[in-house]
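Have a look at this one before I ask anything.
Letters A, B, C and D mark the chains as written, and numbering starts fresh at 1 in each.
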Amino acid sequence: MTVRREPATPVLTVEDLSITFTQRGAAPTRAVDRVSFEIGAGEVVGLVGESGCGKSVTALAVMGLLADRNVEIGGRIAYAGTELLGLPRKRMRDLRGADLAMIFQDPLSALNPVVPVGRQITEMLSRHRGLRGRDADAEAVQLLGRVGIPDPERRLKEYPHQMSGGMRQRAMIAMAVSCGPRLLIADEPTTALDVTIQAQVLELLKDLVETEGTALLMITHDLGVVAGLCDRVNVLYAGRVVEAAPRHELFGNPVHPYTTGLLRSIPRMDGDRGVPLNPIRGSVNDLVAWADGCAFAPRCDRYELECLAGTPAVTELPGVDHEHRCVNPPGTPAVVR
Amino acid sequence: MVRYVVTRLLQLIPTLFGLSVLLFIWVRALPGGPDTALLPENATAADRERLRQDLGLNDPIWVQYAAFLARLAQLDFGHTLRGRAVSTELAERFPATIELAFVAMLIAVVVGIPLGYLAARNRGRFLDVSAVGGSLIGICTPVFFLAFILKEIFAVRLGWLPSSSRLTPGTSYTDITGLRVVDGIITGEFHVAWDAVVHLILPALALASIPLAVVTRMTRASVMETLGEDFVRTAESKGLTARVIQFRHVLRNAMLPVVTAIGLLTGALLAGAVLTESVFAFGGIGSFLFQATQSRDYAAIMGTVLLIATVFVVVNLVVDLLYTVLDPRVTVDR
Amino acid sequence: MQLRRFRTTTALAATAALLLTACGGVGDDGGDDQTFIFGVPNLPRSLDPIFANDGETFRVTRQVFDTLLDHESGGNEMVGGLAETWDVSDDGLTWTFNLRDGVEFHDGETLDAAAVCANFDRWMNLPEPFHNTTVAYYYNNLFGSFTDGESSTGNDFLVGCSADGLTVTIQLKETSANFPGAFSMATTAILSPGSLEQIDDGAFTGIDDGLPDYTQDVTGILAGTGPFQLDSWNHAQDELTLTRFDDYWGDPAGVSRIVFKAYDDETALKQALEASEIHGYDLVAPAHVAELEAAGFQVPTRGVFNILYLAFQQETDEQLADLEVRQALAAAVDRQNIVDSLLPEGGVVATQFMPDTVAGHSDNVTTYSYDPDAARPVLEGRTMEFCWPTNVSRPYMPSPRDIFESIKADLEAVGVTVQEKPMEWANYIPAAASGECPLYILGWTGDFNEGYNFLGTWFANHTDEFGMNRDDIFAVMQRAAREGDPDARAALLAEASEMIMDELPGLPISSSPPSIVFSAEVNPPNVSPLTQEKFDEVSFR
Amino acid sequence: MNLPGTATKAAKIDRLAELSVSSSDVRGRSLWLEAFSRLRRSPMAIVGAVIVSAFVIVAVAAPLLAPHDPTAQLWRGDVFPNRSIFVGPRAENPLGLDHAGRDLLSRMLVGARQSLMVGVVATLIGLSVGALIGGVSGAAAGMGRRLGRAVDSVLMRFVDMLLSIPALLIAISVAALLGPSLTTLMIAVGAAQVPIFARLLRGSMLAQSRSDFVTASIALGVRRPKVVVSHVLPNSLGPVLVQGTLTLATAIIEAAALSYLGLGSPDISRPEWGGMLADAQRFLGSAPHMALFPAVAIIITALGFTLLGEAMREALDPKLKK
């Protein structure tokens, strides 16, 4: 897949990233397969796909949070020009939290249940910004206020289980942005929340990106989230990017049957009543190895024998910054060999 | 909080009441009787009958129980076959068991938690395998045999440590709390404190074997589970130092089940004391129960079991209360 | 918080490591020149001898209190105690004791006849709770006389005691084989009049309320005339300490202090001895004797003064009513093997129901030798029930289980099917006494040198223990019991013993001395067949 | 689609099937099969299973394997305990003789049978009584009516009370009550396990009854007792099975402790390891082999059951699935 170049150095560059899990006594599993994308300052990039497609693993790899053992990582990850893979552990630790921050899906399990929320924020402040005691507390109060938590002084001393889900996620965001990171990764930040809260949280994130110029990597399975937030979208299937395009292009002109399927399975308020939803049949467990052909073939309506003739090549739609990996895209007649 | 404590303490009463009924029924159902232990070989049937009368063994059982309960209310557990008040004996001997159990638990915690933690961090490596293997063998070795072997090797053969008792026989000391080490330090009789410490090592090691194994494995499992928790990943994502992550985030959470286990281990510890103390003639309530069992000393057995059960329940109450401090999610009005 | 905790633990670990390397010299304190530490299975039940009936209590009280008569050191001959000389009237009813002059009690009072009579008066005036063997076993059996009420034993031997300067006269109602032995029993030790004044026997309400405090407390109430006086009793440490009495009438004790220290079992005692924590203990398991001797400990051999027997209950098992069967059983059991492999050194195969050192022993009893071939035709194919006691050790049978196994193997070897009935001691004794067990093993240790003390225990009349119905034997025994003259009594007992061994109500197996051990650093006392060692004879080398 | 170059539908399906790496072989299997397959791969389970099966084989075949009569004092003349003369391992008696001149190897082999019996019967007693109490309690609580809750509460109070007495003390109490015998040993050790099994089964049943599929069954109108029997109980068996295996180890160790306390089986013709060990302790100085072999046998056997039990626990624990 060709890499799109911005004039300025992107905040994050991921190039040909491959992640393989090896386990004694079992065949190695490739979770991420030559994924490439980049994010510029103030840009929001979406990584979309069903669970198990490798999007979270990609995020963890960027954060350097994958275990040392039983994992092989190939390709490169660069943060503002700094190569992250192979960076000394200590340096990586310094970057994490300060420059790269992450928001997790379930704030209840992602927050330490036995440490007050305030403490979980101030420990970051003291680690990366050298703030201690009262100064740190004051800053934490300010942060909590900024993410829209009422009565932040009191909340500081509360434990995660004492807060509502939305509050917890706001606290999580406050924590993530506390040290002014240049790259923020949000892993399904709204999945565990009520719909009304989802919108608020997304709004908050959007606001942060706009005011701070933070680069945001948005990981989600929810195209609705993508539609409201992302500048550019990468659709992942079975560890590979199957389609990548700017938001409007993707929604306006989806090519890959998987993307089409995802779009079709969104319930629409404005849709005609009586028209059934159109979920993608089968599950992500029905696979074909990418080396043999298109992994999506078993679930694809447009499957043809050609789909299984080796790894599908990347096709670039000219002029619209749109790439896909489909052998038999809609709108084209069946490819004649 | 106060209300919670009071409620929990009140809950003790039916438990102890039930326990006393159970024990009482059990004790009266025992074969033989205390009479034989008190009489010489050629005592006549009349002698025996007379003794049974004296001991109240011929009264209706509910009369015996009522008398027992009335005394219990005054902390009077009756008299041993040797003519002393059970409560006096227990008061004299309990500190020995407390001291021993405390040191054993200390060994289990001080060795077990770091060991279990390191094993979890080095899963599958040599340290882990040997810690797990060692603790499994520890659990599978009969305590009395371990005690016996320790004693035979370190006390009898090598002569490094004393074989029995809490102090060298004939040592004079000042008694304040009944805890020899503590007393020795308070009164400045450091040689007594030292002597007591030396006498504690072998029995405490033997007694610690099972708690140590349990604490090690518990810590290992708990740390391993905690390491996989989302909040640890969060902590990592925050770039916190390894020390903060390990202590504040991993250990702090991993210790919660271990604390419960420690509370539950008190029971095992007190039961183990019966086996360990008798091997080392330690003279605590374990030795006392051992001898009472051998001589069918009803009052002594009942008093001791009641004491052990009470201690066990109270310790677990304390653990529960401690839990409310350690784990904010647990509230007292649960 | 956690950090601090971990620092503490490191410090503790370091301390522990230090401990392990630095405690080489344990037990050195125990070797204090003047303190003799003796290990015991348990401490006294009561320091007031009248309450006691067990050897471990008397072991201690014997060092503190003296009796009118005593046994020679290391033997079983009756000698003077507090009485230098004594005499008995021809009818055997008036005993006169001439006390030593200048004997002082631990509390400073002087011994005279009045002091002795004060003790007899106390016993006779004991209130009702004492009138049974539960509380005052020996007094009820030996004397049984009370001014107010009767003894549960029905005994009533004593008329009274009269004092005249240093001369004590004890008047009896009838003769008994128990005299003069009764005057040597540790239970009849003489306490100082001052002690007696402080003891309030009326306050004793019964054993279920426990013993009076003074019986287990060393508060200066109890004063005797012995070589040691009570010093302290530490219940929490299971230690009872005696100190030397400097005004003792005899030779002063060789050590200034004795500590009796209780251990939970014999193995613990052995290990404490090996670890130099104690200087000696009694009732060494036979299996440990050779081991201890080899390690340089002193195991002096005692004279034998007990009997172990295999009882044949003739009424419970009809087979055993047949003399031929009883004789065959006697021939089937390899008693020599039991003595050789299971009993302490000095043990002998018994020929009758008393050891050969006791007056009344007969050399003319029928003996039975090991002859399995002769036993087999009689016993083959028979089935017999055999009881044995678990978890107990007695001076006459150190390990009942081993002895039972040996006998069982012998019986099986001649074709008997043995149905074993293991019982706990607490059940065993009543079961044996009530005739529940056809075959069982039991024994007896003598209180003093008197054949009747042995034979009278079993064969004075019909008992369910043996189910023997021989009125002729009982008649001889009754005459022996009433015979005041020791020699005539011995002759009667010898006659009875011969008749008994013909009847064979049980098979006497062995007389074996319980072993006592001392560390190499002490000069041990003369060991006594009656297990009445005098610890004032102990000194350090 | 009959264009040249395009394949038939059947060919397409075949090709797909050929290349499909779907992981359906994992999905389709039951919890038990999956647990078993995990068990087979666990070294802990393998070591445990080897020990346990060796032990069981020895125990069952003991009379055939024993070279001598385990109760006959065949070499009585060679052994003199009172003179510290014992016979250690030698050609004709590979493990030596005991203090009465009996072949120790034969006694160990026969002892395995007794120990297994004590372990199995004790576990069955603990399990059945505990399961009865726990099952009734759990079912009663699961039904949720007032009576059910009362039954549950009374039973659990009782169990809690038992739990507040350490297991060994319960065993001591029962053994003292019944008098020493092999049967007593089994009952005593089993009784000590009753509260544990009761709690376990009740807890597991309650957890199950709160689970979604039970709620669903009830919502679908299945009668509650039927739900308990057909859904809750079978799913509670896993932890009980694990505990049962672990209890076998505990039983063997606890039996030894009771023997040490003098509450073991006094039956001489049927030796049991714990009793042999306790009895041999007095000869430790001169005949260490007498204590050593039973001790090692107890430790290894208990270890075998523990390893197997732990491995089963891990295999059945969905949280540890990877």
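In the analysis below, a contact is a pair of C-beta atoms (placed from the backbone, for glycine too) under 8 Å apart; a residue touches a chain by one contact, two chains touch by 3 or more.
Note that the coordinates shown come from a computational prediction; the quantities given were computed from them, not determined experimentally.
Hopping across touching chains, the smallest step count from subunit B to subunit C is 1.
Set side by side, A-B and B-D show the greater C-beta contact count at B-D.
Spacing of subunit A relative to subunit C, judged by their CA centroids, is 89 angstrom.
Averaged C-alpha coordinates put the centre of subunit A at 54 Å from the centre of subunit B. Work out the mean CA point of subunit B and of subunit D, and you get 25 Å between them. Distance between subunit A and subunit D, defined via averaged C-alpha coordinates, is recorded as 48 Å.
For subunit B, residues touching at least two other chains, in rising order: 31, 152, 248, 252, 290, 294, 296. For subunit A, no residue reaches two or more other chains under the stated contact definition.
Of all residues in subunit D, those that touch two or more other chains are 179, 262, 281, 284-285.
Contact between chains, per the stated criterion, is found for A-B, A-D, B-C, B-D, C-D. The touching residues of subunit B, when paired with subunit C in their complex, are 31-34, 36-48, 50-51, 54-56, 78-79, 82-85, 88-89, 92-93, 95-96, 106-107, 110-111, 114, 151-152, 155-156, 159-171, 175, 178, 195, 197-198, 201, 247-248, 251-252, 277-281, 283, 287, 290-291, 294, 296.
By the touch rule above, subunit C contacts subunit B in their complex via residues 2-3, 6, 9, 12-13, 16, 19-20, 23-24, 26-27, 29-30, 32, 35, 37, 42, 45-46, 53-54, 129, 132-134, 137, 152-153, 206-211, 215-216, 235-239, 241, 257, 259, 261-265, 268, 271-272, 274-278, 391, 424-427, 429-430, 433-434, 442, 444, 457. Remark: subunit A residues 60, 63, 65, 93-98, 101-102, 104, 106, 109-116, 123-124, 127-128, 159, 161-162, 172, 175 touch subunit B in the complex. Residues of subunit A that touch subunit D in their complex: 23, 25, 285-289, 292-293, 297-298, 303-305, 308, 334, 336-337.
For subunit D in complex with subunit A, the residues that touch the partner chain are 1, 3-7, 11-12, 15-16, 19-24, 27, 41, 322.
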